[in-house]
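Dropping a structure here in C-alpha coordinates format, bear with me for questions.
Letters A, B, C, D and E mark the chains in the order given here, with residues in each chain numbered from 1 onward.
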Amino acid sequence: MDIYQAEDTMVCTSRVPGLKQTNLRVLRGLKGNLVVATDTVGVDKGNWVFTVSGSAARYAVGDFDVLTDLAVGGIIDNWQED
Amino acid sequence: MDIYQAEDTMVCTSRVPGLKQTNLRVLRGLKGNLVVATDTVGVDKGNWVFTVSGSAARYAVGDFDVLTDLAVGGIIDNWQED
Amino acid sequence: MDIYQAEDTMVCTSRVPGLKQTNLRVLRGLKGNLVVATDTVGVDKGNWVFTVSGSAARYAVGDFDVLTDLAVGGIIDNWQED
Amino acid sequence: MDIYQAEDTMVCTSRVPGLKQTNLRVLRGLKGNLVVATDTVGVDKGNWVFTVSGSAARYAVGDFDVLTDLAVGGIIDNWQED
Amino acid sequence: MDIYQAEDTMVCTSRVPGLKQTNLRVLRGLKGNLVVATDTVGVDKGNWVFTVSGSAARYAVGDFDVLTDLAVGGIIDNWQED
(Lines give C-alpha, C1' and ligand atoms only; values in the text may rest on other atoms or scores of the structure.)
Protein backbone atom coordinates (compact mmCIF):
# COMPACT_ATOMS: atom_id res chain seq x y z
CA MET A 1 0.00 0.00 0.00
CA ASP A 2 1.29 3.46 -0.83
CA ILE A 3 1.09 6.95 0.64
CA TYR A 4 -0.36 9.88 -1.29
CA GLN A 5 -1.74 13.38 -0.76
CA ALA A 6 -5.18 14.08 -2.22
CA GLU A 7 -5.45 16.59 -5.03
CA ASP A 8 -8.54 17.55 -6.98
CA THR A 9 -11.43 15.38 -8.05
CA MET A 10 -11.17 14.29 -11.70
CA VAL A 11 -14.08 14.71 -14.09
CA CYS A 12 -14.46 12.15 -16.89
CA THR A 13 -17.70 12.38 -18.85
CA SER A 14 -16.63 9.59 -21.25
CA ARG A 15 -15.63 6.50 -19.33
CA VAL A 16 -16.10 2.74 -19.44
CA PRO A 17 -19.42 1.55 -17.93
CA GLY A 18 -17.58 -0.62 -15.39
CA LEU A 19 -16.51 2.36 -13.32
CA LYS A 20 -20.11 3.30 -12.58
CA GLN A 21 -20.58 6.55 -10.62
CA THR A 22 -17.51 6.15 -8.42
CA ASN A 23 -15.65 9.27 -7.35
CA LEU A 24 -12.24 9.56 -9.05
CA ARG A 25 -9.53 11.43 -7.18
CA VAL A 26 -6.10 12.57 -8.38
CA LEU A 27 -3.39 11.74 -5.82
CA ARG A 28 0.21 12.97 -5.59
CA GLY A 29 2.89 10.55 -4.35
CA LEU A 30 5.86 11.24 -2.10
CA LYS A 31 8.06 11.74 -5.17
CA GLY A 32 5.57 13.98 -6.96
CA ASN A 33 4.09 11.32 -9.25
CA LEU A 34 0.37 11.55 -10.03
CA VAL A 35 -2.13 8.65 -10.00
CA VAL A 36 -5.91 8.29 -10.03
CA ALA A 37 -7.85 6.34 -7.39
CA THR A 38 -11.49 5.59 -6.58
CA ASP A 39 -12.54 7.11 -3.27
CA THR A 40 -15.28 5.71 -1.06
CA VAL A 41 -13.82 7.11 2.18
CA GLY A 42 -14.55 10.75 1.29
CA VAL A 43 -11.19 12.50 1.32
CA ASP A 44 -10.68 16.25 1.12
CA LYS A 45 -7.99 17.99 -0.89
CA GLY A 46 -4.77 17.99 1.11
CA ASN A 47 -5.53 14.82 3.13
CA TRP A 48 -2.78 12.24 3.36
CA VAL A 49 -4.13 8.81 2.45
CA PHE A 50 -2.90 5.31 1.73
CA THR A 51 -4.08 3.29 -1.26
CA VAL A 52 -4.91 -0.34 -1.97
CA SER A 53 -3.98 -1.65 -5.45
CA GLY A 54 -4.78 -4.59 -7.69
CA SER A 55 -7.74 -6.90 -7.22
CA ALA A 56 -8.06 -5.82 -3.57
CA ALA A 57 -9.02 -2.34 -4.80
CA ARG A 58 -12.17 -3.76 -6.34
CA TYR A 59 -13.23 -5.21 -3.00
CA ALA A 60 -12.26 -1.99 -1.21
CA VAL A 61 -14.93 0.04 -2.98
CA GLY A 62 -17.56 -2.36 -1.62
CA ASP A 63 -18.63 -3.49 -5.09
CA PHE A 64 -16.39 -6.01 -6.84
CA ASP A 65 -17.87 -5.02 -10.20
CA VAL A 66 -16.31 -1.55 -10.08
CA LEU A 67 -13.31 -1.75 -12.40
CA THR A 68 -10.68 0.11 -10.45
CA ASP A 69 -7.06 -0.91 -9.84
CA LEU A 70 -6.43 1.66 -7.06
CA ALA A 71 -8.69 2.67 -4.18
CA VAL A 72 -8.25 5.00 -1.22
CA GLY A 73 -7.89 2.69 1.80
CA GLY A 74 -7.99 5.31 4.55
CA ILE A 75 -6.97 8.74 5.76
CA ILE A 76 -3.75 8.89 7.79
CA ASP A 77 -4.42 10.65 11.10
CA ASN A 78 -1.05 12.34 11.49
CA TRP A 79 1.56 12.50 8.77
CA GLN A 80 4.75 14.51 8.85
CA GLU A 81 6.49 14.83 5.53
CA ASP A 82 10.21 14.19 5.76
CA MET B 1 -4.96 4.18 -12.38
CA ASP B 2 -2.55 6.29 -14.39
CA ILE B 3 -2.73 9.37 -16.59
CA TYR B 4 -1.60 9.32 -20.22
CA GLN B 5 -1.94 11.30 -23.44
CA ALA B 6 -3.10 9.35 -26.50
CA GLU B 7 -0.68 8.93 -29.37
CA ASP B 8 -1.21 6.94 -32.56
CA THR B 9 -3.06 3.70 -33.06
CA MET B 10 -0.71 0.70 -33.24
CA VAL B 11 -0.95 -1.81 -36.06
CA CYS B 12 -0.02 -5.44 -35.30
CA THR B 13 -0.84 -7.92 -38.04
CA SER B 14 0.73 -10.80 -36.11
CA ARG B 15 -0.73 -11.06 -32.66
CA VAL B 16 -2.04 -13.66 -30.22
CA PRO B 17 -5.64 -14.75 -30.91
CA GLY B 18 -6.70 -13.67 -27.39
CA LEU B 19 -6.55 -9.99 -28.27
CA LYS B 20 -9.25 -10.38 -30.92
CA GLN B 21 -9.99 -7.25 -32.96
CA THR B 22 -9.52 -4.78 -30.12
CA ASN B 23 -8.11 -1.36 -30.93
CA LEU B 24 -4.54 -0.92 -29.61
CA ARG B 25 -3.45 2.61 -28.74
CA VAL B 26 0.02 3.92 -27.88
CA LEU B 27 -0.08 6.22 -24.84
CA ARG B 28 2.56 8.61 -23.47
CA GLY B 29 2.87 9.03 -19.69
CA LEU B 30 3.58 12.16 -17.68
CA LYS B 31 7.29 11.33 -17.68
CA GLY B 32 7.42 10.51 -21.38
CA ASN B 33 7.21 6.73 -21.05
CA LEU B 34 5.27 4.82 -23.71
CA VAL B 35 2.74 2.03 -23.10
CA VAL B 36 0.09 0.23 -25.14
CA ALA B 37 -3.58 -0.02 -24.07
CA THR B 38 -6.80 -1.42 -25.47
CA ASP B 39 -9.33 1.30 -26.20
CA THR B 40 -13.08 0.78 -26.14
CA VAL B 41 -13.90 4.41 -25.28
CA GLY B 42 -12.80 5.79 -28.64
CA VAL B 43 -10.03 8.28 -27.90
CA ASP B 44 -8.50 10.68 -30.38
CA LYS B 45 -4.83 11.52 -30.64
CA GLY B 46 -3.98 14.17 -28.07
CA ASN B 47 -6.74 13.24 -25.58
CA TRP B 48 -5.73 12.91 -21.94
CA VAL B 49 -6.99 9.61 -20.55
CA PHE B 50 -6.64 7.44 -17.47
CA THR B 51 -5.98 3.72 -17.66
CA VAL B 52 -7.08 0.63 -15.71
CA SER B 53 -4.46 -2.12 -15.30
CA GLY B 54 -4.30 -5.77 -14.32
CA SER B 55 -7.27 -8.12 -14.28
CA ALA B 56 -9.66 -5.14 -14.14
CA ALA B 57 -8.52 -4.19 -17.65
CA ARG B 58 -10.02 -7.39 -19.01
CA TYR B 59 -13.41 -6.50 -17.54
CA ALA B 60 -13.07 -2.89 -18.74
CA VAL B 61 -13.12 -3.90 -22.40
CA GLY B 62 -16.48 -5.57 -21.82
CA ASP B 63 -15.18 -9.03 -22.72
CA PHE B 64 -13.18 -10.86 -20.07
CA ASP B 65 -11.63 -13.08 -22.75
CA VAL B 66 -9.69 -10.19 -24.29
CA LEU B 67 -6.13 -10.64 -23.05
CA THR B 68 -5.14 -7.09 -22.20
CA ASP B 69 -3.38 -5.85 -19.06
CA LEU B 70 -4.11 -2.14 -19.68
CA ALA B 71 -7.33 -0.50 -20.90
CA VAL B 72 -8.39 3.11 -21.41
CA GLY B 73 -10.82 3.83 -18.56
CA GLY B 74 -12.01 7.25 -19.67
CA ILE B 75 -11.19 10.62 -21.18
CA ILE B 76 -10.32 13.38 -18.69
CA ASP B 77 -12.52 16.42 -19.35
CA ASN B 78 -10.01 19.09 -18.43
CA TRP B 79 -6.35 18.45 -17.81
CA GLN B 80 -3.65 21.05 -17.31
CA GLU B 81 -0.14 19.75 -17.55
CA ASP B 82 2.08 21.04 -14.76
CA MET C 1 9.21 -10.25 -2.25
CA ASP C 2 10.98 -7.12 -1.06
CA ILE C 3 13.17 -6.07 1.85
CA TYR C 4 12.19 -3.23 4.18
CA GLN C 5 12.99 -1.83 7.60
CA ALA C 6 10.03 -1.28 9.95
CA GLU C 7 9.17 2.26 10.93
CA ASP C 8 6.24 3.42 13.04
CA THR C 9 2.76 2.05 13.21
CA MET C 10 0.28 4.12 11.17
CA VAL C 11 -2.98 5.32 12.67
CA CYS C 12 -5.99 5.67 10.36
CA THR C 13 -9.29 6.32 12.08
CA SER C 14 -11.14 6.63 8.75
CA ARG C 15 -10.55 3.58 6.61
CA VAL C 16 -12.47 1.18 4.39
CA PRO C 17 -14.30 -1.56 6.32
CA GLY C 18 -12.40 -4.26 4.41
CA LEU C 19 -9.19 -3.63 6.32
CA LYS C 20 -10.83 -4.58 9.62
CA GLN C 21 -8.64 -4.10 12.72
CA THR C 22 -5.37 -5.11 11.07
CA ASN C 23 -2.18 -3.44 12.22
CA LEU C 24 -0.77 -1.07 9.58
CA ARG C 25 2.98 -0.53 9.57
CA VAL C 26 5.05 2.02 7.63
CA LEU C 27 8.13 0.38 6.05
CA ARG C 28 11.22 1.99 4.51
CA GLY C 29 12.83 0.32 1.48
CA LEU C 30 16.50 -0.06 0.63
CA LYS C 31 16.34 3.11 -1.48
CA GLY C 32 14.46 5.11 1.14
CA ASN C 33 10.98 4.71 -0.35
CA LEU C 34 8.05 4.38 2.06
CA VAL C 35 5.20 1.85 1.83
CA VAL C 36 2.44 0.60 4.13
CA ALA C 37 1.93 -3.09 4.98
CA THR C 38 -0.37 -5.15 7.18
CA ASP C 39 1.54 -6.90 9.95
CA THR C 40 0.45 -10.16 11.54
CA VAL C 41 3.98 -11.24 12.51
CA GLY C 42 4.42 -8.54 15.15
CA VAL C 43 7.45 -6.53 14.07
CA ASP C 44 9.20 -3.91 16.16
CA LYS C 45 10.51 -0.60 14.87
CA GLY C 46 13.93 -1.16 13.33
CA ASN C 47 13.36 -4.82 12.36
CA TRP C 48 14.34 -5.84 8.85
CA VAL C 49 11.46 -7.68 7.18
CA PHE C 50 10.43 -9.00 3.79
CA THR C 51 7.00 -8.41 2.31
CA VAL C 52 4.52 -10.39 0.21
CA SER C 53 2.50 -8.40 -2.35
CA GLY C 54 -0.60 -8.84 -4.49
CA SER C 55 -3.28 -11.44 -3.88
CA ALA C 56 -0.83 -13.52 -1.81
CA ALA C 57 -0.82 -10.72 0.78
CA ARG C 58 -4.47 -11.35 1.50
CA TYR C 59 -3.76 -14.99 2.28
CA ALA C 60 -0.70 -14.01 4.34
CA VAL C 61 -2.79 -12.19 6.94
CA GLY C 62 -4.73 -15.41 7.55
CA ASP C 63 -8.03 -13.88 6.42
CA PHE C 64 -8.58 -13.55 2.68
CA ASP C 65 -11.23 -10.89 3.30
CA VAL C 66 -8.67 -8.38 4.59
CA LEU C 67 -8.12 -5.97 1.71
CA THR C 68 -4.38 -5.51 1.77
CA ASP C 69 -1.96 -5.60 -1.17
CA LEU C 70 1.20 -5.84 0.98
CA ALA C 71 1.82 -7.95 4.09
CA VAL C 72 4.86 -8.54 6.27
CA GLY C 73 6.01 -12.08 5.43
CA GLY C 74 8.66 -12.48 8.11
CA ILE C 75 11.50 -10.94 10.08
CA ILE C 76 14.99 -11.43 8.63
CA ASP C 77 17.26 -12.95 11.30
CA ASN C 78 20.47 -11.24 10.26
CA TRP C 79 20.67 -8.42 7.78
CA GLN C 80 23.71 -6.32 6.99
CA GLU C 81 23.01 -3.21 4.99
CA ASP C 82 25.43 -2.75 2.15
CA MET D 1 1.17 -3.51 -22.29
CA ASP D 2 4.77 -2.56 -22.99
CA ILE D 3 6.98 -2.17 -26.03
CA TYR D 4 10.20 -4.15 -26.45
CA GLN D 5 12.69 -5.21 -29.09
CA ALA D 6 13.44 -8.93 -29.33
CA GLU D 7 16.92 -10.13 -28.46
CA ASP D 8 18.15 -13.71 -28.33
CA THR D 9 16.34 -16.82 -27.23
CA MET D 10 17.24 -17.85 -23.69
CA VAL D 11 18.28 -21.40 -22.89
CA CYS D 12 17.39 -22.78 -19.45
CA THR D 13 17.99 -26.49 -18.99
CA SER D 14 16.96 -26.37 -15.33
CA ARG D 15 13.55 -24.83 -14.95
CA VAL D 16 10.29 -25.35 -13.06
CA PRO D 17 7.99 -27.95 -14.68
CA GLY D 18 5.19 -25.38 -15.02
CA LEU D 19 6.92 -23.60 -17.89
CA LYS D 20 6.77 -26.72 -20.07
CA GLN D 21 8.52 -26.42 -23.44
CA THR D 22 7.61 -22.78 -24.06
CA ASN D 23 10.07 -20.61 -25.96
CA LEU D 24 11.73 -18.02 -23.70
CA ARG D 25 12.87 -14.78 -25.33
CA VAL D 26 15.00 -11.97 -23.92
CA LEU D 27 13.51 -8.55 -24.71
CA ARG D 28 15.04 -5.07 -24.42
CA GLY D 29 12.82 -2.16 -23.35
CA LEU D 30 12.81 1.42 -24.58
CA LYS D 31 15.11 2.42 -21.72
CA GLY D 32 17.47 -0.52 -22.21
CA ASN D 33 16.06 -2.74 -19.46
CA LEU D 34 16.00 -6.50 -20.09
CA VAL D 35 13.10 -8.87 -19.39
CA VAL D 36 12.16 -12.43 -20.33
CA ALA D 37 8.88 -13.38 -22.05
CA THR D 38 7.24 -16.49 -23.41
CA ASP D 39 6.75 -16.30 -27.16
CA THR D 40 4.01 -18.12 -29.04
CA VAL D 41 3.88 -15.61 -31.92
CA GLY D 42 7.30 -16.54 -33.30
CA VAL D 43 9.36 -13.36 -33.21
CA ASP D 44 12.75 -12.89 -34.82
CA LYS D 45 15.66 -11.05 -33.28
CA GLY D 46 15.23 -7.33 -33.90
CA ASN D 47 11.42 -7.38 -34.11
CA TRP D 48 9.55 -4.74 -32.14
CA VAL D 49 6.83 -6.39 -30.03
CA PHE D 50 4.38 -5.55 -27.27
CA THR D 51 3.93 -7.73 -24.21
CA VAL D 52 1.01 -8.81 -22.02
CA SER D 53 1.75 -9.20 -18.31
CA GLY D 54 0.19 -10.76 -15.23
CA SER D 55 -2.51 -13.40 -15.31
CA ALA D 56 -3.42 -12.41 -18.88
CA ALA D 57 0.00 -13.69 -20.00
CA ARG D 58 -0.99 -17.21 -19.00
CA TYR D 59 -4.04 -17.05 -21.24
CA ALA D 60 -1.99 -15.48 -24.04
CA VAL D 61 0.17 -18.56 -24.49
CA GLY D 62 -2.99 -20.59 -25.14
CA ASP D 63 -2.44 -22.81 -22.10
CA PHE D 64 -3.38 -21.36 -18.73
CA ASP D 65 -1.14 -23.91 -17.00
CA VAL D 66 2.03 -22.33 -18.41
CA LEU D 67 3.48 -20.35 -15.52
CA THR D 68 4.58 -17.17 -17.24
CA ASP D 69 3.99 -13.58 -16.10
CA LEU D 70 4.96 -11.98 -19.44
CA ALA D 71 4.04 -13.08 -22.97
CA VAL D 72 4.66 -11.59 -26.40
CA GLY D 73 1.27 -10.24 -27.52
CA GLY D 74 2.16 -9.34 -31.09
CA ILE D 75 4.68 -7.90 -33.53
CA ILE D 76 4.34 -4.17 -34.24
CA ASP D 77 4.14 -3.61 -38.00
CA ASN D 78 5.97 -0.30 -38.15
CA TRP D 79 7.86 1.19 -35.28
CA GLN D 80 10.08 4.25 -35.39
CA GLU D 81 12.27 4.74 -32.38
CA ASP D 82 12.27 8.29 -31.09
CA MET E 1 9.93 -12.41 -16.05
CA ASP E 2 13.13 -10.83 -14.77
CA ILE E 3 16.81 -11.71 -14.65
CA TYR E 4 18.73 -11.91 -11.37
CA GLN E 5 21.92 -13.32 -9.92
CA ALA E 6 21.55 -15.51 -6.82
CA GLU E 7 23.01 -14.26 -3.56
CA ASP E 8 22.77 -15.90 -0.15
CA THR E 9 19.93 -17.84 1.36
CA MET E 10 17.86 -15.75 3.77
CA VAL E 11 17.04 -17.01 7.25
CA CYS E 12 13.70 -15.94 8.79
CA THR E 13 12.77 -17.71 12.00
CA SER E 14 9.61 -15.60 12.43
CA ARG E 15 7.47 -15.78 9.33
CA VAL E 16 3.84 -16.18 8.33
CA PRO E 17 2.64 -19.81 8.33
CA GLY E 18 1.67 -19.58 4.65
CA LEU E 19 5.29 -19.68 3.49
CA LYS E 20 5.79 -23.14 5.00
CA GLN E 21 9.37 -24.49 4.81
CA THR E 22 10.18 -23.01 1.40
CA ASN E 23 13.72 -21.92 0.72
CA LEU E 24 14.06 -18.12 0.53
CA ARG E 25 16.83 -16.73 -1.65
CA VAL E 26 18.11 -13.16 -1.98
CA LEU E 27 18.59 -12.15 -5.63
CA ARG E 28 20.40 -9.16 -7.13
CA GLY E 29 18.98 -7.54 -10.27
CA LEU E 30 20.80 -6.14 -13.28
CA LYS E 31 20.69 -2.67 -11.71
CA GLY E 32 21.83 -3.86 -8.29
CA ASN E 33 18.38 -4.00 -6.67
CA LEU E 34 17.72 -6.78 -4.16
CA VAL E 35 14.61 -8.97 -3.97
CA VAL E 36 13.62 -12.20 -2.24
CA ALA E 37 12.28 -15.27 -4.07
CA THR E 38 11.21 -18.81 -3.21
CA ASP E 39 13.49 -21.38 -4.83
CA THR E 40 12.39 -24.88 -5.75
CA VAL E 41 14.94 -25.28 -8.57
CA GLY E 42 17.94 -25.40 -6.26
CA VAL E 43 20.17 -22.52 -7.28
CA ASP E 44 23.70 -21.92 -6.07
CA LYS E 45 25.16 -18.55 -5.16
CA GLY E 46 26.32 -16.82 -8.33
CA ASN E 47 23.85 -18.54 -10.68
CA TRP E 48 21.97 -16.34 -13.12
CA VAL E 49 18.24 -17.07 -12.92
CA PHE E 50 14.95 -15.71 -14.17
CA THR E 51 11.95 -15.23 -11.90
CA VAL E 52 8.18 -15.61 -12.19
CA SER E 53 6.05 -13.07 -10.30
CA GLY E 54 2.47 -12.65 -9.15
CA SER E 55 -0.05 -15.45 -8.88
CA ALA E 56 2.04 -17.58 -11.28
CA ALA E 57 4.76 -17.73 -8.61
CA ARG E 58 2.43 -19.66 -6.33
CA TYR E 59 1.91 -22.30 -9.00
CA ALA E 60 5.65 -22.36 -9.78
CA VAL E 61 6.56 -23.70 -6.35
CA GLY E 62 4.29 -26.68 -7.00
CA ASP E 63 1.98 -25.83 -4.09
CA PHE E 64 -0.54 -23.05 -4.67
CA ASP E 65 -0.89 -22.59 -0.91
CA VAL E 66 2.66 -21.25 -0.56
CA LEU E 67 2.26 -17.49 -0.23
CA THR E 68 5.04 -16.20 -2.42
CA ASP E 69 4.87 -13.43 -5.03
CA LEU E 70 8.24 -14.28 -6.67
CA ALA E 71 9.69 -17.68 -7.53
CA VAL E 72 12.85 -18.79 -9.32
CA GLY E 73 11.67 -20.08 -12.71
CA GLY E 74 14.95 -21.53 -13.94
CA ILE E 75 18.70 -21.23 -14.23
CA ILE E 76 20.00 -19.50 -17.37
CA ASP E 77 22.55 -21.75 -19.08
CA ASN E 78 24.81 -19.04 -20.44
CA TRP E 79 24.60 -15.42 -19.46
CA GLN E 80 27.03 -12.67 -20.35
CA GLU E 81 26.61 -9.47 -18.43
CA ASP E 82 26.72 -6.42 -20.61
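Heads up, the rule we're going with is that a contact is a pair of C-beta atoms (placed from the backbone, for glycine too) under 8 Å apart; a residue touches a chain by one contact, two chains touch by 3 or more.
These numbers were taken from a predicted model, which means no experiment stands behind them.
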When centres are defined as mean Cα positions, the distance from chain A to chain D in whole Å is 32
Distance-wise, how many Å sit between the C-alpha centres of chain B and chain D, to the nearest whole number?
20
Give the residues of chain E that touch two or more other chains, as numbers and ranges in rising order.
54-55, 57
Topology of the chain contact graph, where touching chains are joined (line, ring, star, complete, other)
ring
Enumerate the ring members one after another: first chain B, then chain D, then the rest in ring order.
B, D, E, C, A
Within the complex, which stretch of chain B touches chain D?
10-19, 24, 26, 33-37, 54-55, 57-58, 65, 67-70
Complex contacts: residues of chain D adjacent to chain B:
1-3, 30, 40-42, 50, 52-57, 59-62, 71-78
